[in-house]
Amino acid sequence: MSAPVSETATAALQEPDAPVEQPRGGRVPWWANQRIGLLLLVVALSALFGILRPAFFNQQLVVFPLLRDIAMFTVVGLAQMCVLSIGHMNLAVGRMAAVSMMVTGISYDLWHFGLYAGLLVGLIAGAAIGALAGWVIARTGVNSFVVTLALDFLLLGLIPLVYTALTDNAAFVTKPPGMRELRNYSLADVCIGNVCGSPAVPQLAMFAVIAMVVVGWIYSRTKLGRELLMTGTSVKAAELSGIPTARRVIIAHAMSGCLAALAGFMLAVSTGSIKATIGEEFMLPSFLGPILGGTLLAGGFISVWGTLLGTALTTVIRKGLDLLGVGLESLNIYLGLILLVALSTDRIRTVFSERQGVRKR
Amino acid sequence: ATGCSTKSSNDTAGGSSGNDASAGTSGGPVTLKDASKVKLALIPGGAHPYFQPWKTTAELDKTDFKLGDVTFNETGEWDQGKQNNVINSLAAQGYNAFGIFGVSPTDINSTFEDLKAKGFAVGSLASCPAGDTNSADFCLSTDVEAAAYKATKATIDAIGGEGTIVHLTGNNVDSNTQRRIAGVKKAIAETNGKVTELPVITDIDKDLQTAQKAVADLLASKGKEIKGIVTTAYNPAVAAADGVASSKLPIKVVAIDDDAKILSGIKSGGVAATVTQNPVGQAYVGGWLLALLGSKQCTMKTPGVIVDSGSFVVTKANVDSYDTERKAKTAELQKEFASQLTCQ
Amino acid sequence: MTLFEAEKVDKLFPGVRALDGVTLKLEAGSVHALLGENGAGKSTLIKVITGLYRPDGGRLLLDGKEVQFGSPHESAAAGIGVVHQERNLIPGFTVGENILLQKLPTSRGLVDRAAIRTEAARWLAELDLDIDPDQPVTDLSVAQAQLVEIAKALSIESRVLLFDEPTASITPNEAERLFRVVGKLKDADCAVLFVSHKLEEVFQICDTVTVLRDGASVLESGTLSDLTRDEVVDLMVGRVHEALALPPRTVPTGAAPLLELSGVSTATGHADVDLTVRPGEIVGLYGLVGAGRSELAKALLGLDRITAGEVRVRGQVVRIRNVRDALHHHKIGYVTENRKEEGVFLEQSVSRNIAVTVWDRLRKAFGYVPAKAETAMVAEYVEQLGIRIASPAQLAGTLSGGNQQKVSLAKWLAAKTEILIIDEPTVGIDVRTKDAFHTLIWDLAANGLAILLITSDLPEMITLADRVVVMRDHRVRGEVANDHDYDTMSQRVIRLIHAEGTTAA
Amino acid sequence: MKRFALRFARTTEMTLLVICVAMFAGLVIASNGDLLSANSLRVLLQFLAVPVLIGLAQMVVLAVGQLNLAVGAIGGFAAVSMGVLMADHGVPVPLALLIGFLLASVAGLLNGLLVVLTRINGFIVTLATMTVLLGVQYRVVGTRTVDGYPQSIKSFGSYAVFGILPLIFLVALVVAALLAVMLRRTVPGRQLLASGGNPIAARLSGISNDRSVIIAHTLSGAILGIAAILTVASSPGVNKSIGGDWLLPSFAAPIIGGALLTGGSAVVLGTVLAAFIVRFVDTARAEFSLEPSWVNFVVGAVVLGSVVLGQVRTRRQERRTVVKAPDAAVAGGVS
């Protein structure tokens, strides 16, 4: 039965005189492409800040920490993006990072694990707590917003209890060998013969690159990624097309938890120790990166590059304002306003391109 | 009407500075030569009334020590990552001497190490790193454990040496809080059971309403047993003073810092005592030291030395005079540090 | 007397000219039919008239005076009532509130519940509906909901009433009631516009007709009694429409059944269902709306619990846990009745829509799906089914209903299923595409697939099925061998449905 | 009436009521009856006023399928504005309160307008306005705690009828009652819920969803304005920390109370009862001297438990489930 449809049926199904329907998902003019717009914006802003404050291009003191931050918040953004891909949210993204790092901290402190063994344990813990959230959502059908919010509350209560029980200073201060170095090493410390990398690029950024490659590969090349996006587009249709949607929900949340753990690790390495407050500042950036980058809140469409660019945009703006010496009286006001403007221009661009008969993607 | 700590501390800053300045530049054991290349940054953990005196003292540092430049930057917003960014940005703009209140005591050594590695002068102000090491050039801070100990002693005195007290404080998962809890416990242990403590109430410094509610609930449920309340964080102190006053229970409150509201409470008798710290001294002596170190005129004999900037129990008896004591302490601090320096 | 007139109305959507100089006249005391294939622009015209869309050209006249409606609110105020194609009730509200939502009665600034109750009851009575106005609409059946929609349109006491496919999901019985109301409206000198794909109804109740094709009117206000059914169809499809002639097909009677249900009961209320489908056979499952046919299909796929009885696939007793199980272990496919919500992923590309069932087969290590294999596979089915697309990357949501249905079917063919459950394949699909689908289904059976065809369209059933199993109230009422004769078959089927009238409402 | 009673018996509200009564009884027993003393009751109710209002402020936007992340920022900003106006600029109390109330309402209105005009998801819009308003709050008050305002407002904040019923709690109840009437019995209220329940259907019935969204956000702002007034009246002072802990409780109350994130549900009573439950957890913490961490832990567990239970209940009531997969419904809806 290689060809279930015979010639006669095929012939009957053809509509020779019907016009081909307008492709609306196809090509988009370059200026309507969100990613390119973002890239231009990031470059333009960097140039502007560089002109106003030449220190903006100081490799060691500005670019290095800037890239380290972008790397970390990109991973945070990817963590949120994974659940956005199925139309869910993870409000406990920061707290998941905190819990996984707690486990990593215990592994360093009590079990004397090596740097990467501890990281691995943390990633597993993150995936597990994410999977737990996913499981509750899949089993009960309760909205992810509610479940992760409640989980956030729960962990917020649990984490301090554990820290006060296990540590003196409310932080795990044992540092396995390599952690200190990872914080400061840049590509300049990686040499092939006499050629060394740039001192402006932190080695820690490699974690983000790996995460981006893996997540990007999953979503663009694999069955799993496609099924996640299909689940995000329509759970009903996905279930009825033979996609195990409950399992996909669990996997998306597990990926989210795992990436949150990685981001938590990057934060712990870059600030110095593993403590209860890790991830407290993750929520806002976790949404900003993906959303600015074009990931849909409703699910079904993601962009890894967009997440990087969206994160870069917000981080660069903050850094620029920092360098311009904007005080706390104005900092948040500017940040919020710039954010609104950035989001609105994107909206204006979308409307404009739709008017030209194309659809933004 | 604006009251509060800013105003009162402003007075302090204005009053004490003249003396200190003369002590530092002329009468002091070490004479600062040329600090015009020193650009000093005072960086608190975030916005907090405690740090407001730093802002004005920073200006004073600039004129008194003829510094190249000074800045006061509170955009760290109580996040270690953000604070590190602020520090780096300032370093990139040419600031080379840093007085820092580290947001996270367990992390701040890493930041100090980075700065030291780049050749900057670094002082840990108002809080010392957790653990046994301090990677900054020096740490000038209230010994929080000692301050909490003193506050508890004052509470015990106020309640007549017997009864139940309760300790209200801030973020539980912060090593300074742990030290405060230890200080309170130590003072209570010394009474050999005459004074007992209810479980510590932590995490109520985030905002005033949480503190207020916690105090009200505490008074409603345990008000009759409690003889005294010792507070070691800002919002709980304000809330406890207010809560006890309006509940009309015979409870002695020992507060922290010298908020105008608390000082007036002491004067009227509603607050038994308060433990004030020495933010002006930290910023002033810290600035002086950083000028000496930043201009490479001096080095520390023992890098990382930790010095208590002092804490002062203020009661009705000394509410008008405690500032003199504090100024004296500041001058004394300068002398103490002078002996710690090796100068050209 | 002309009550309402739309004159040379244009409506443009990005890339589509949905209406192209359409003129429509509605006379008082007359029922006017609006016909056309899918996507001809019928619903768009109604939305323009009611102020939901702003026309890009032309004008609207009410009582000879030009009007412009900025919103449905304004058109309602001007006396134009409408029943839209999609059901539009507010879930948390009562039946009464839903009916009167457009102008909730108030007294002293507050919503007057008593007034709502009496007023709504009046309109429900008008439709002979035994529904409590205080009941939440969430408790209604699909058909009841549709009837509430109609009551809603009546309630604004409009002089012009527009019905967009009001009978698509109600029983013939209920349709009759609606027709009686339409008759009353006609007697009261209202103007009624009636859209339906069911030509029998149109001929039964309409006086005049306008036919749209590709957004343009090909017949304006023709008198229906002067036209034959075939003439109307020809106008709609734009060429002479030949009655479908299917090639002869031998039905294998001796073959072992591929799918066999015996004594199946489900959590959703089915009791003692027996059913057999052999390879190469099309078994029709007929019943009125809500008889439980779709539910049976879903229970079969593990979406609802089977509480008793046996399901046998290829002779083996099986327990199917979910669609995935059905697809991979038993080669069973299900083309759902609810195309837009359950059949296709509107926001995804055509290519992914078709490939969704075959990734399992195409995948390599780590779940990697080679793009090449995927593209080739998709291209094959796009061509075979004649899916009209500009590129496989086009979003399924931008396709017409017919093409969407082809996509929905293609994924099961691509998965090489051997048992196919096809649920209402041609709802809302125009005459020509319908024929193509009939040919296709016929052909699939000829190629050896076992097909269970669920349809409420009796002519379709009689055209395709080899045997017709009749269901009512979640029970099989009997089985009729198809002799492909409409008159005898319809009688026998209807008789089975109404046999031994034990009903639980 | 009987049918109504039957229906009520099966609602979330009934479950919550039972939980409330049980918890209260438990606490009374645990405190040896101390909780029944006038003072204890007053304290219990005093700190319910603000949580009730912020829960309602969130509920009303949830009702149109939106959400408001700026609750704390709007309330805090309004509260410090009033405090500064009275203490530093000597603005008369009624005028200052009116200005604060209007500022909060305008902030809500702006949220609504931004959502409608830009079509950006409400989640993101309110996130941005939250950031801006936090900045404004700091700019207005800095690190000070402002308390130098007239005694009259403080006595309003601490006055209790019969020494038991705090005035501010009664104000909150009145607001809740008005909101309930508005949502159930007025045309704008019904239209708002219709927009939340089914935006397309609402539009076809001549209801402007945009208007509903704007009304909901403005109402939310107005309720927060009242919450801010009560805060100014009952706190020892106002500073930049006011509003800092409003966000999570604002979601907890309506969600425990049975609100649907997808919109269309008006659960005023449920929200009020849920605020009671959270308050009881607080009281229990004080009673048993537990660490505050436990409160978060318990509230998290209660929210999770109640939604799961609620889901199980609706599942059971539903005659059929189309697909046994989670609903991908996303907060932020109408936009």
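Here the chain labels run A, B, C and D in written order, and each chain numbers its own residues starting at 1.
In the analysis below, a contact is a pair of C-beta atoms (placed from the backbone, for glycine too) under 8 Å apart; a residue touches a chain by one contact, two chains touch by 3 or more.
Worth saying up front: this structure is predicted, and the values here are computed from it rather than measured.
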item	value
Remotest chain, chain D as reference, centres from CA atoms	C
Gap in Å, rounded to a whole number, between the CA centres of chain B and chain A	39
Separation of chain A from chain D, taking each centre as the mean of its C-alpha atoms, in whole Å	31
Separation of chain C from chain D, taking each centre as the mean of its C-alpha atoms, in whole Å	43
Multi-partner residues of chain B (at least 2 other chains)	47, 172, 203
Multi-partner residues of chain C (at least 2 other chains)	303, 342
Set of chain A residues in contact with two or more other chains	160, 234, 236, 238-240, 328, 331
Chains touching one another, given as label pairs in label order	A-B, A-C, A-D, B-D, C-D
Chain A residues touching chain C - in the complex, by the definition given at the top	1, 3-6, 8-10, 12-15, 17-18, 20-26, 218, 221-224, 226-227, 229-230, 233-234, 236-244, 300-301, 354-355, 357-359
Residue ranges of chain B in contact with chain A within the complex	47, 71, 73-75, 77, 79-82, 84-86, 88-89, 91-94, 104-111, 114, 118, 130-131, 172-175, 177-178, 203
Parts of chain B lying in touch with chain D, wherever the complex brings them together	1-6, 47-49, 51-52, 172, 198-199, 201-204, 206-210, 212-214, 216-223, 235, 238-239, 241-243, 246-247, 259, 261
In the complex, chain D residues that touch chain B	31, 34-35, 39-40, 43-44, 46-47, 50, 87-88, 138, 142-148, 158, 231, 234-245, 282-283, 285-287, 289-293
Chain D residues touching chain C - in the complex, by the definition given at the top	181, 184-187, 190, 193-194, 197-198, 200-208, 264-266, 319-324
